[in-house]
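The same chain A turns up in both complexes below, where it pairs with chain B and then with chain C.
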Partner chain A sequence: MTKPRLRSLFDDPRILGLLLVVPAMLAILGVVLFPMFNSLWLSLQQHDLSRPQENAFIWFRNYIDLLQDPRYLNSLQATFKFSLFSVLIELTLGVAIAITLNQNFRGRGFVRGLMILPWAMPSIVNAAMWKWIYNADYGALNALLSQLHIISNYRIWLAEPVTAMTLIILANVWKETPFTVILALAALQTIPDDLYEASRVDGATEWQTFLRITLPLIMPVLMIAGLLQFIWGFQTFELIFIVTGGGPFSSTEMTNLRVYATTFRSLRFGYGAAMAYLTSLIIFIPAVVYIRTAYRKVVEA
Partner chain B sequence: MKSSPLYLFFSMLLALSFMLASCGAPTAAPAPVATQALATEAPQAAAEAETITVIFPKHEADLSGAFEASIREFEKQSGIKVELIQSDWDSVANRILPEISTGGSAYDVVEFDNGWVAEWCGAGWATPLNDFMSAGYTEGMIPGLVDLFSCPDGKLYGIVWNNDTRFFYFNAEKLAAAGFNEPPKTWDEFKQMSLAAKEKGAVPYGMAPFWNQEWSLGNEFHFWTYAFGGQIVDDKGCFLFNKDPNTLAALQYMMDSLKDGVSNPAGMTYNQAASQDAFLKGDSLFMPQGIAGLMAYAKDPSVSKVDGQIKVGLVPGVKAGMSAALTLPEAYAIPSKSEHKEAAWKFIEFMTSKETNKVLAQEIGVLPIWVDLYADPDLTAKYPFWADFQAQLQTARGLSKLTWYGDFVDISTAEVHKALAGEQTAQQALDNMATGLSQFECKP
Partner chain C sequence: MPRLLKRFFLYLAVTGIIVWTIAPYIWLIISSFSVKIDLLTVPLRWIPSRLTLENYYSLFFMRGSESVNARLFIHSLGNSAFISMTTMFICLVLGVLAAYAIARLRFKGSNLMVFVMMATQLVPPIVLVVPMYVIMRQFDLLDKRAGLIIVDISIVLPLVIWLMRGYFASIPSELEDAARIDGCTHLGALVRVILPLSGPGLVSVMIFAFIAAWNEYLYAFIFTNVDAKTLPVLIGEFSTKLGLEYLRIAAAGVLASLPPVILALVFQRFIIRGLTAGAIK
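Up next is the complex of A and B:
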């Protein structure tokens, strides 16, 4: 009889488990794996929507061209610079703020709540706010520095490559640091007070306590935070698109902006897909190496 | 724990339907806000009426909803229901291009920008309108505008709804304060007047250009090239910009204007709105590429301090008597995959008719596409400065028609911006543009 056999099939926890994950697997297949393989396939083609007569399968030609494309290479360099400096500042500031917020003081809960505000703000709102702050004519930054007599004339901050890059990094740091603060604060709260007491008894200075106790114990969390922030740096789009648009002369043009311009402005979908894939690989490989070496060493230690 | 097989079956069914929904292409047009408003007021008979979906940007002067009112009038007269989607140009472009390029049929009438003509001609994304229009339909329209939307096959693919020609404005009061009663006729005079006005404290700068590294810098590069009598490409799409001395002179003038203090250096980060804002605040003497509706903005005290001070002149030239302007018209087109082409054409015919064009001109100051309307007594009484527009309209030129226009903007804006920042010479910028675009040379 079929019915009892079917029932006994569902009574087997392995088969039941397998059947229960099928819907989720199908969803992942449809919304993750299918687009991934489809865009990989697209990246191996010349697929120019406005010149369909030239479309063809060209193997790895797009990838070879990308490695010689000065604008793409420039965008990679800019993205790397942006992500790296963002991460370094975010981690330093994040730990400092977390240690402060870990102290006992009146209104600590309120300050902790306030701290998360920048991170909770929608990216587009954050970008529009910084664009206004950096405005050359009526921006708050010029007004502040001028009133403090630090500058005598209003400056066009976003017209110089170095200042433009520095300012967008600062805008990104402002938004993303709370994430590091939250993680670091959680890690700090797991450190037993006994360790600090023991260090005080041994006569250790505050700095020695930080270097020998606090930092090693929160390091695994910081390494995760750093990795995530670095990857998110590569994904930044709205901030750059709105504040600098990639200028001045492409000095703040990140790979995401390059992919967008190539795909949706120039309508070169094959080349754009290859660009997206190559960028993903460029992040993925160092991330794997990092996790297998430095991260594992720290966590296992 | 025992699980019901029925539950498993429904779980899988749900997942399958989710998959099918996500694979559904082409996409259906999302319900626009304007449509919802229309739907509540539409007559009951509309339930059976043919429905078309129309998407185009909101006209910058349309603060009163004049376009939507005309569309409602069209619905009343034709019995065709219109689902209208209007927003800013970039949002509209970001919705149309992926939809149309992937063969979607969500839209029946779409925005057709002048910069897209060659790409759309090459890809066959639009429907030739000659099959629908009566003989001589475009007679009486400004010829330069009509031609901009024809493809190499000689057919017309778009009818202009927005005659976005740019004009040369100057602040006559501040110019007089600097000791000049006439606007400049040449670019040398332009520089001389700007510096004189600065010296006398009338204005901080001669102009506040919109030279941020973005799409509109491509328009600016075209404008200055045309204003100096230069050429960007020939009819076959072969490069002229890197060999043409006039184009070189145009770029050099742009760079020198920053160095000499004629242009506000903040213009390197300005978009068009910021540039216009500076002019309307009285911070610059000239607005070389102002929109047709600038006079209306000048009357609004919330955005302007120059009401009654600004006038229209001809764009200066390298020598007196030489002038050129840029026109960036936007047209209505019917996507080739539209399933309501007849109704879509009726919509275009109504919205671009002389009658509707006059109504929109009267209501919100839309610049007409019909030559006759510039002499219409009602309109000339309301907009006396249109008489000054007449001569400039004869010199208007559109953007380069290139299937690789997106790449042209991408590379030219980066190189021009670098030159404006003083990081390379004008010739280096043009040569680098040629190198960056070499794969497209002689491809129209």
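Up next is the complex of A and C:
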């Protein structure tokens, strides 16, 4: 008699559901939630591995210090610059490429498939690849520009703050734009042909059609793509770590590099945790506001 | 005339897109098969005078003082393969069960669980790195493959659950109801009815999981040192320490990028469906 009862007990959706979800929840929450609170606790302490005798609970001192730390503020500015320009270029370029690939031409499927290549590439290989291309003595960038007579002498691109920033944005754009292209293409394919037909009958120019029909209809998707890429921009680590190492003169030193150096080089764990937390809050608040307005716009439309 | 001109500009734009997308990667591949002297000439010759496998050979069979590097390369290649495959399989099993429960079984708190799981995706890895390091040191998991697998699971699993949940929801529940009437349990229906219909979903989830684990850098960089070092970490080290050995780095980079790139190109339909599943409904 016990067997069927046991069986029906395990087949009860309320119990079975919980049983099936718990292992996954443990794996995710154990690794994410606990460290998250641990990190918050750590950020309220002075916790230097090099000076353990001075460890103490110091409330918000780390955060107050951070707001007056010129090197941190500089890294915040660099991160904003990097993420903002990356997103703007990725969205513009992504929409342009998606619209082109949405036309009829030979080999369309093949070219669309190619878009997946930069996306699939390991980001560390992307970093090593661009570092090699930007190499001052033997890099392909110098060779190309001088053979096209755009520059007369080889330049040390990564030694100048503005060009260094421009070039890591370029490397980031190369890898991340295909994501926008893939999303925008999928959105373009959901627009019914009748709409374009109607607009042509009304005598609208192609530019007007783009502004009044295409753009508004793919906007919700673009906003999601833009938000994700802005967040990913803030999380960029290996690209900068490998290509510029934060230089020259800290001009490309993003917050993630600062956190890494503070924690694992200077061994100031408390200050590093506070830095990571403050940066996350700074990005989290606009993200929430943005999601809410984006959601409202989608609902209204 | 305007129509012809338009075609011309379209093909021009398409050519531009192709060149922009593949040129950097092609250059990496060309470099990896080149001899140094061809790449050091000014003006640079884009087509090398001869091709060589020397850069690849040296990764696997370095002799003398370099043999340490060769052993490291083979070792970290093995680590990467082992860690990403194991992560993939564990995530597949846990993810399918959890996704099925969330998609089909009504139980208390299921919505909250989905929300919490998704919210963890917004936490930047850098926030977790510092406390994780402290915890892993306590449990003696630093520089252990098991340690990195646990961390990788927490990145990959939410993605797997999200994609599988959507896939299960698209399978009509009548099929399952019929199996239930015939006396199947929920789990029996999952194994006998739902899973056989979910082939494409499972494939796309496996590829996503594998690529995410294979490409992961930050955690592997912080949490491994020698024993559990993965290929991305080794390439990072090569390119900060090896100085002038660009060609060997290029060869290592090509090898590291081949599994994800080939998988993604072969299964592109699955990937594109997966990528757009979250953003477009």
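Here is the rule we use: the second predicted complex is superposed on the first by the 268 of 301 C-alpha atoms of A that agree within 3 Å, B and C clash if a C-alpha of one lies under 4 Å from a C-alpha of the other, contacts with A are read in each partner's own complex, and residues count from 1 in each chain.
FYI, a contact is a pair of C-beta atoms (placed from the backbone, for glycine too) under 8 Å apart; a residue touches a chain by one contact, two chains touch by 3 or more.
From a predicted model like this one, the values you see are computed outputs, not experimental measurements.
K.L.:
In the superposed arrangement, does A:Arg61 touch chain B (first), chain C (second), both or neither?
P.N.:
neither
K.L.:
Based on the superposed arrangement, let me know which partner A:Phe264 touches: chain B (first), chain C (second), both, or neither?
P.N.:
both
K.L.:
By the touch definition at the top of the document, which applies to A:Leu20: first (chain B), second (chain C), both, or neither?
P.N.:
After superposition on chain A, A:Leu20 lies in contact with both partners, chain B and chain C.
K.L.:
Quick check on the superposed pair: does A:Arg212 touch chain B, chain C, both, or neither? Answer first, second, both or neither.
P.N.:
It touches nothing on chain B or chain C.
K.L.:
Which holds for A:Ala127: it touches chain B only (first), chain C only (second), both, or neither?
P.N.:
Only chain C; A:Ala127 stays clear of chain B.
K.L.:
With both complexes superposed on chain A, which partner does A:Thr100 reach: first (chain B), second (chain C), both or neither?
P.N.:
Second partner only, chain C.
K.L.:
With both structures fitted on chain A, tell me whether chain B or chain C touches more of chain A's residues.
P.N.:
Result: the larger residue contact count on chain A belongs to C.
K.L.:
Is A:Lys81 in contact with chain B, with chain C, with both, or with neither (first, second, both, neither)?
P.N.:
A:Lys81: touches no partner chain.
K.L.:
What is the contact status of A:Ser250 with respect to chain B (first) and chain C (second): first, second, both, or neither?
P.N.:
first
K.L.:
Mind working out whether A:Val111 is in touch with chain B, chain C, both or neither, as first, second, both or neither?
P.N.:
Only chain C; A:Val111 stays clear of chain B.
K.L.:
Touching chain B and also chain C: which chain A residues?
P.N.:
Touching chain B and chain C on chain A: residues 7, 10-11, 16, 19-20, 23-24, 27, 29-31, 137, 245, 264.
K.L.:
List the residues on chain A that touch chain C in their complex, please.
P.N.:
Touch residues, chain A against chain C: 7, 10-11, 13-21, 23-25, 27-36, 38-39, 42, 97, 100-101, 103, 105, 111, 113-125, 127-133, 135, 137-138, 140, 143, 146-147, 154, 174, 178-179, 182-183, 186-187, 190, 221, 224-225, 231, 234-235, 237-238, 241-242, 245, 255-256, 259-260, 263-264, 269, 272-273, 276-277, 279-280, 283-284, 287.
K.L.:
For a test of understanding, state which residues of chain A touch chain B in their complex under the given definition.
P.N.:
Listed in rising order, the residues are 6-7, 10-11, 16, 19-20, 22-24, 26-27, 29-31, 49-53, 70-71, 136-137, 156, 158-159, 244-250, 253, 261-262, 264-268.
K.L.:
Chain A touches which residues of chain B in the complex?
P.N.:
The contact residues of chain B facing chain A are 2-3, 5, 8, 11-12, 14-16, 18-19, 22-23, 94, 97-98, 101, 118-120, 122-124, 212-215, 265-266, 268-269, 274, 278, 403-404, 406-407, 409-411, 414-415, 417-418, 421, 423, 436, 443.
K.L.:
For the complex, give me every residue of chain C touching chain A.
P.N.:
That would be residues 10-11, 13-14, 17-18, 20-22, 24-25, 27-28, 31, 39-40, 42-44, 94-95, 97-98, 100-102, 104-108, 110, 113, 116-117, 120, 122-135, 150-151, 153-154, 157-158, 161, 185-187, 211, 214-215, 217-218, 221-222, 232-233, 235-236, 238-240, 246, 249-250, 253, 256-257, 260-261, 263-265, 268, 271-272, 275-276, 279-280 of chain C.
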